[in-house]
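Quick notes on the structure that follows.
As written, the chain order gives the labels A, B, C and D, with residue 1 at the start of each chain.
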Amino acid sequence: MEQTVEFAPATGVLSLIWLLVAIPLASAAVLLLLGRRADKWGHWLGVLSVAASFVLGLVFFANLAGLESGSRSAELSLWEFIAVGKLQVDFGLLFDPLSGVFVLLITGVGSLIHLYAVGYMEHDPGRRRFFGYFNLFVAAMLLLVLGNNYVMLYFGWEGVGLASYLLISFWYTRPSAATAGKKAFLMNRVGDAGLAIGIFIMFATLGTTDYGAVFNGLSGLSATTVLVLGLLLLIGACGKSGQFPLQAWLPDAMEGPTPVSALIHAATMVTAGVYLIARSNPVYTANETLQLVTVAVGAITLLMGCIIGAAKDDIKRVLAWSTVSQIGYMFLGVGLGGGAYALAIIHLLAHGFFKANMFLGAGSVMHGMHDQVDIRRFGALSKHMKITWLTFATGWLAIIGIPPLSGYFSKEPIIAAAFEREVAWEAWVFGLAALLGAGLTAFYMTRLFVLTFHGPARWTEDNQHPHESPLIMTIPLILLAIGSVAAGWLMSTSVADWLTPVFGAEQAEPHGVLSHTMITILSLVVTVIGAGLAWSLFRRGTALEPQPAGVVVTAARRNLYTDAFNEAVFERPGIYLTRALVFLDNKGVDGVVNGIAAAVGGGSGRLRRLQTGFVRSYALSMLTGAMLVVGAFIAIQLGWLV
Amino acid sequence: MTPDYYLVLATILFTIGATGVLIRRNAIVLFMCIELMLNAANLALVTFSRINGSLDGQIISFFVMVVAAAEVVIGLAIIMSIFRTRRSASVDDANLLKY
Amino acid sequence: MSDFPFLSILTLLPLVGAAVVAFIPRSKAELAKLVALVWSLVVLALSIFMWAAFAVDGDRFQFHESYPWIPAWGANFTFAADGIALVMLMLIAILFPVVILASWHDVDQSKRSAPAYFALLLTFEFTMIGVFAAADVFLFYVFFEVMLIPMYFIIGSFGSGQKQYAAVKFFLYSLVGGLFMLAAVIGLWVVGGRTFDFAELAQGAGSLDTNTARWLFLGFFVAFAIKAPFFPFHTWLPDSGGAAPAGAAALLVGVMDKVGTFGILRYCLSLFPEASRWFAPAALTLAVIGIIYAALLAVGQNDLKRLVSYTSIAHFGFIGIGIFAFTTQAGTGAVLYMVNHGLATGLLFIVVGMFVARRGSALVSDFGGAGKLVPVLAGVLFFAGLASLALPGTAPFVSEFLVLIGTFSTHKGFAVVATLGIILAAAYVLWMIQRTTQGTLNPALTEVPAMSKDITLREKVVVAPLIALLLVLGFYPKPVTDVINPAVQATLQDVGTTDPAPTAVADGKVGG
Amino acid sequence: MEQLELPSIDYAALLPMLILFGAACVGVILEIVVPRKVRNGIQLGLSLLAVVAALVAVVVERGTRTITIGGAVAVDGPTLFLQGSILVLGGVSLLLIGERTVEKGGAFVSQAAITVGSKKDMEQASGQPGSTEVYPLTTFALGGMLLFVAANDLLTMFVALEVFSLPLYLLCALARRRRLLSQEAALKYFLLGSYASAFFLFGVAFIYGFAGGIQLDKVHAAVANPTQSQVLLYAGFGLLAIGLLFKAALAPFHVWTPDVYQGAPTPVTAFMAACTKVAAFGALLRVLYVAFEGVRWDFQPVLGTIAVLTMFVGAVLAVTQTDLKRLLAYSSIANAGYLMVGVLALNDEGLSSTMFYLVAYGFSVLAAFAILSLVRDADGEATHLSRWAGIGRKSPLLAATFTFVLLAFAGIPLTSGFTSKFAVFGAAVEGGQTWLVIFGVITSMLLAFPYLRVVVLMWLSEPGESTPAVSIPGFLTSAVLGIGVLVTLGLGVAPSPLIDLTRQAADFVR
């Protein structure tokens, strides 16, 4: 771990990387500021700007690839952002292999989803506004991955949070959407606070927030400091990526339009936590405990996501919990460290394709089914929307890891890596968890797929007229389906190599508790069992109403009681605390002041009664005063006082 | 006989006067009590004049008498006018101004 | 450096304007408004010139002017501005025209005289500029007290709701603080060698008796803590902010309350360095309590203007910890926070005022789904909310970040608790937004004809400069931080503290 | 028989007093000889002329530092300054007393001897010209006050005390309206005043016994080297002080103040609040600084306690007052407390700041009472607070003026109230009496409330049916108002000239 991290300054074409952020940002500004004047063409500007960023991203990527592998990075300082005392933070960008792949993912998948949204949002009066927010999101997300220091990352981090909020509560007149947006922002802020404190620690201990300087200074920090720092970053990552214990907002975020769920809450933003940990890999590599915690978070979340996902009936919620679960895999990967960093990123990219694919597919289904989201009321849609069915099938097969689709190439290695933990019990626990997760994934995704597209139709022709979506929506679906099929195989080795400058060369494989072949076989077996079980159970459809169920299913339906926990431990006490404080402030703090005023007034009211109006009582008070004064003087003189 | 006794007497007279103001109601009596206090002071002055062996005290007491006379003029005038209106010389009746 | 007497002219200009406006008859209200606006713009122009003339790397105090006043007491009309005062003066100069324009129709419906209102606003500007430009403790005190009067009448005469109660409470609270400060000023004057000159007093600050200095510090601090306000001296602000006309409320929290934090920075820290260090833990505790406490209270408010007032108290907690953390970053952050908070909360109050003017009520429960009717206005409200919760990209982020990062390097615990405040900030802003502009449309709103009128051109002109400034300073705060930084460093030098070195570097494990 | 040595008399130094006493005597004669119709103008002119002449004499004598007529009168800096102040304030008060247009016939009853409520009384109430005895009475009182602040022995002081008190007792009884109240006020003032003088005199006797003389320098010498029992000194000093504290209205000897201020005709109240205060504190200053300076450590705590008590009584009781005149009375009590803080500084600064305070307060209080005299209804002045609701809407100028004066009382900067408070508090801190300043500050907070209540009532309340009309001020009242407000503002903004003057004047001769 004695390597020093250095970034080469941006030269040539690469010094224009700021355009990546600037173009969508400018487009967002135009869309939001021009107002209704841009209604007619606004969505096309939105699509174009992201597409332009994608093209630029490709150019930059090619340029980066053209650099020598030792200096394959481009750092660019735009201006001094904050320069106070020793704190020097530049508005700086960094284009390196890691941010490069993210740029391509964001702009690539982003372009497709933007295109899709043109069709999806066609009848929505707020389409221009939608594209404004969408572009804002892309700009913020690009800033997040392109920043060359943690403050820039934080900048983008909160920016995507804002965009996410705006888009979740896009249909703000629905109370549920408004609440979901708020919930997302708040839980994200919890994570953000952790990230912020992490940044404070960097400055307090190392005097810098630049990636390079922080990583190089890590060796000077105590283990505890590194642990605390890493944990704080992990909190941030959990918040953004919907990981345990900050996962509750992500399923609710499905209140937003489906393209939003696809882009933000599946493909890109929610993976920012993975990016953060991968970016901070020197921190995590430096501390064993930290890795263990990260792995644990990943394992817990991936199981939790699967279990809950298996019990949900809302197509988007199932996909959302699936996202939670899949990101759990990624956390598992980045937590494992070493070669698994690259595996996590590969899974992230693959997931970006197949999950976006499925979300858009879900959107297409909803589009055709009059915004119905309950999978119990679908069925037999394969006949009515062929393209959607086929593309969704690729996503389904990809996510459950059927070779040679992408999921197989990205997920299976992570399971294997989990079994390769050095400590045996860890290897067994996390390995088996990952394996179990694979089985469960196969189960619930198959359930979803079967209930939606196969079995008997559980909708009626009276109010539902399933039809295929227009071309502008299906073309992105097709392209994403191709990605879902091919991406894994394409990326499995190339991306790992490409990311070597960031994560370091892959170390010698320690021998795991099970052989690699064994794991491959096992994971395929559990997948097939899970999928087969689901197929046989749901092949003939399901009841339209929820059926009484056992403890596990009930718990899963209620999100394993995590929401209840949050409500009981945070929300209710918070509300009571707020009410109590309002009371305290009015009656207590202000009461003291008003009390003093009242006391003065009351005292005054009583004292003035002493002014009786009788001249003799006045004389008495004078005489008393006189006696006291003279008495005091004499007492002083006799030495009794003073 | 030491002059101190006169001082004691003066103090007693003064106290009688000061207390009298408190316990009597009639304005005239009240006023007379105040005169008593002034005269107690006169007695004390004369006594001190004797003790100190200077004439100043005696001279002062003449001045005091004059001043007291002037006070009577004013006082009686005021008391008179009130008496005319209220048909009462009780100071306790005059308590419209209070609190 | 310039010999032009910027500060005295800047101070007197609004007073003259106030006199002019006051003599315009009621029947010509529009003329009065126009004169007031133009006058405040002239002040703004002069301020811009002054900003340009300020030499960033020059002396700490510039534009020094001094005219004898009461020689027997050593009191002079001494004006001087350091970077901190300069940015505050600039903020004042910017906010006043905006507020005047925003308050254009505030008095039209009432029975009160419009020229009087605008004359009061200009008088208030006079006292505000004076208090920041003064470099003589006596002069400062005079402005400190006199500024109550115009604001008292603005709240009392032109406010709404419990305006009398609020006005009296405001006045008495401030006066109580002011009188504590008076005692301290007198004490300082006596022990400090019968001079009021800030520079001289600051020079002799080290020779004060420790106990005396602590008592004097307390006198000043209480006054400033009430003004700022810090917990537990805050209860006047929600009442005043709730009752004042929205524009005036923007000035109240945007500018006037800054006198408190400015006073602590300028007077408490520089004049009583030892006492400042001694009291710092207590002050930090109050500030942090204020952040959390006021934020929770803000969540629980049902009156928009009171809510914004509580958010302000929370923000002042941030400024407070920034001041008492005694690091360059925190100090600069605190001053920058003062500016940004003025812009952000000013904007928030003004926008809330636009809502209230339309609805005729400031109660949150009287709104609901208003975004459907007035989308642009709702957007502006949302933006103001974002600035208030210090989202990156808006100016307050930079200051909050600086405050927290600077505080963390000396007081970890305080910084961590304060950081939790940013979560609560999101809670109160979003909860407010949700209850007013989002959700199902409150049917009562459709019955109010004014609610269907989205932002007007005048209102656009009002909010545009503030939004622009918030964004520009959010991305490029350097011009302001560069002005503030030297003054903060000089202040910290007075206090006698230095920034801690990064611990890893200090341990010699990493080359700095 | 030894040769009687006649004391030398510096007539020039005594001239101001001589002028006033002379003018007063002339005034009494004029009362007899001048026909009723023109009497008012002539009397007013005469008394004003006397005041101006006396003032000129004071100014001419400004450099004099002497003790004359056998040690009875000291003409020194404080004397001249205070005499000047009394004359200026007295002159302004005379304008108020001379006002005859605001109310038909003026504020004074035409014949005080007429029984209240009788048929004749009804007749005279409806506009018979007011009595003109008030002018010689006022002039006598002014003369007495001049002598009071100059008195260098205790006898002179006693005589002067009576000379200015007796006319005041009478003046109090001369109100045209609400005569019962007026008479009651006079009675109370008279009885309590005489009671206090008796204490004063008894104290004089003791001091005489202690020091063997009554000249202040003799007392001072005896205090330094006592030959008699100290009990005499302390008992004497205590009793003596009571007489002075009574006039200065310090608690618990303030009890007369609210009743008398409320009952007396408003111009007389103004006169008392402004001039009596100057005279009383002038004498108090002289006694404490010249005669008893040697026992300062003993009396500072006692008088300090009295000062604190006074401030609290004044401030707390003012809070719930409902009558404006009474409110101002309590405010004047509290102000006496603040003045005492300055007195107890017992240094040059204390002396000069107290004198500054006296002048500043005098002008403000004159303006305040002048305004009170303008707000009237059919029954005369409407002094009940509730009647002032919303008056700012009806007569903004008057309300603004009154607000300004109230702000001055509250000690807001840019008014003389602030500079004077600052001066006395500063002196006290310098004199080591910080505790007094702290109490002073606390009571100032309390005291702000009643003032603010009035301001709220005037501006922020809606005018009701019962809000009285405001009379158009006559020329004289306008002059008083103008002078009062201008001086209040002037001393607030540029107090330097007066401060310098008080400093130059701050040296007692012994």
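We take it that a residue touches a chain if its C-beta (ideal position, glycine included) is under 8 Å from a C-beta of that chain, and two chains touch if they have at least 3 such contacts.
Bear in mind the structure is a predicted one, so any value in this text is a computation, not a measurement.
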| item | value |
| --- | --- |
| Which of B-D and A-B has more C-beta contact pairs | B-D |
| Chain with minimal offset from the mean of all protein Cα atoms | C |
| Chain A and chain B: spacing of chain centres that average the CA atoms, whole Å | 95 |
| Whole-Å gap between the CA centroids of chain B and chain D | 25 |
| Mean-CA-position distance for chain C and chain A (Å) | 36 |
| Euclidean distance of C-alpha centroids - chain A vs chain D, Å | 78 |
| Chain D, residues touching no fewer than two other chains | 187-188, 191, 195, 199, 258-259, 449 |
| Per-residue overlap in chain B, given as positions that touch at least 2 other chains | 18, 21, 30, 91, 94-98 |
| Touching two or more other chains - residues of chain C | none |
| Touching pairs among all chains present in the structure | A-B, A-C, A-D, B-D, C-D |
| Touch list for chain C against partner chain A, complex | 173, 231-232, 234-235, 293, 296-297, 299-301, 327-329, 332-333, 369, 371-372, 376, 379, 386, 391-393, 397-398, 401-402, 404-406, 408-409, 412, 415-416, 419-420, 422-423, 426-427, 430-431, 434, 437-441, 475-478, 481-482, 485, 489, 499-505, 507, 509-510, 512 |
| Residue ranges of chain A in contact with chain B within the complex | 608-609, 611-616, 619-620, 623 |
| Interfacial residue positions of chain B with respect to chain A in the complex | 18, 21-23, 25, 30, 91-92, 94-99 |
| Residue ranges of chain A touching chain D (in the complex, touch as defined) | 597, 600-601, 603-605, 607-608, 611, 613, 615, 618-619, 621-622, 624-626, 629-630, 632-634, 636-637, 641-642 |
| Touching residues (chain side chain D, partner chain B) in the complex | 112-113, 115-117, 155, 158-159, 162, 166, 169-170, 173, 179-181, 183-188, 190-191, 194-195, 197-199, 201-202, 204-206, 208-209, 212-214, 258-259, 262-263 |
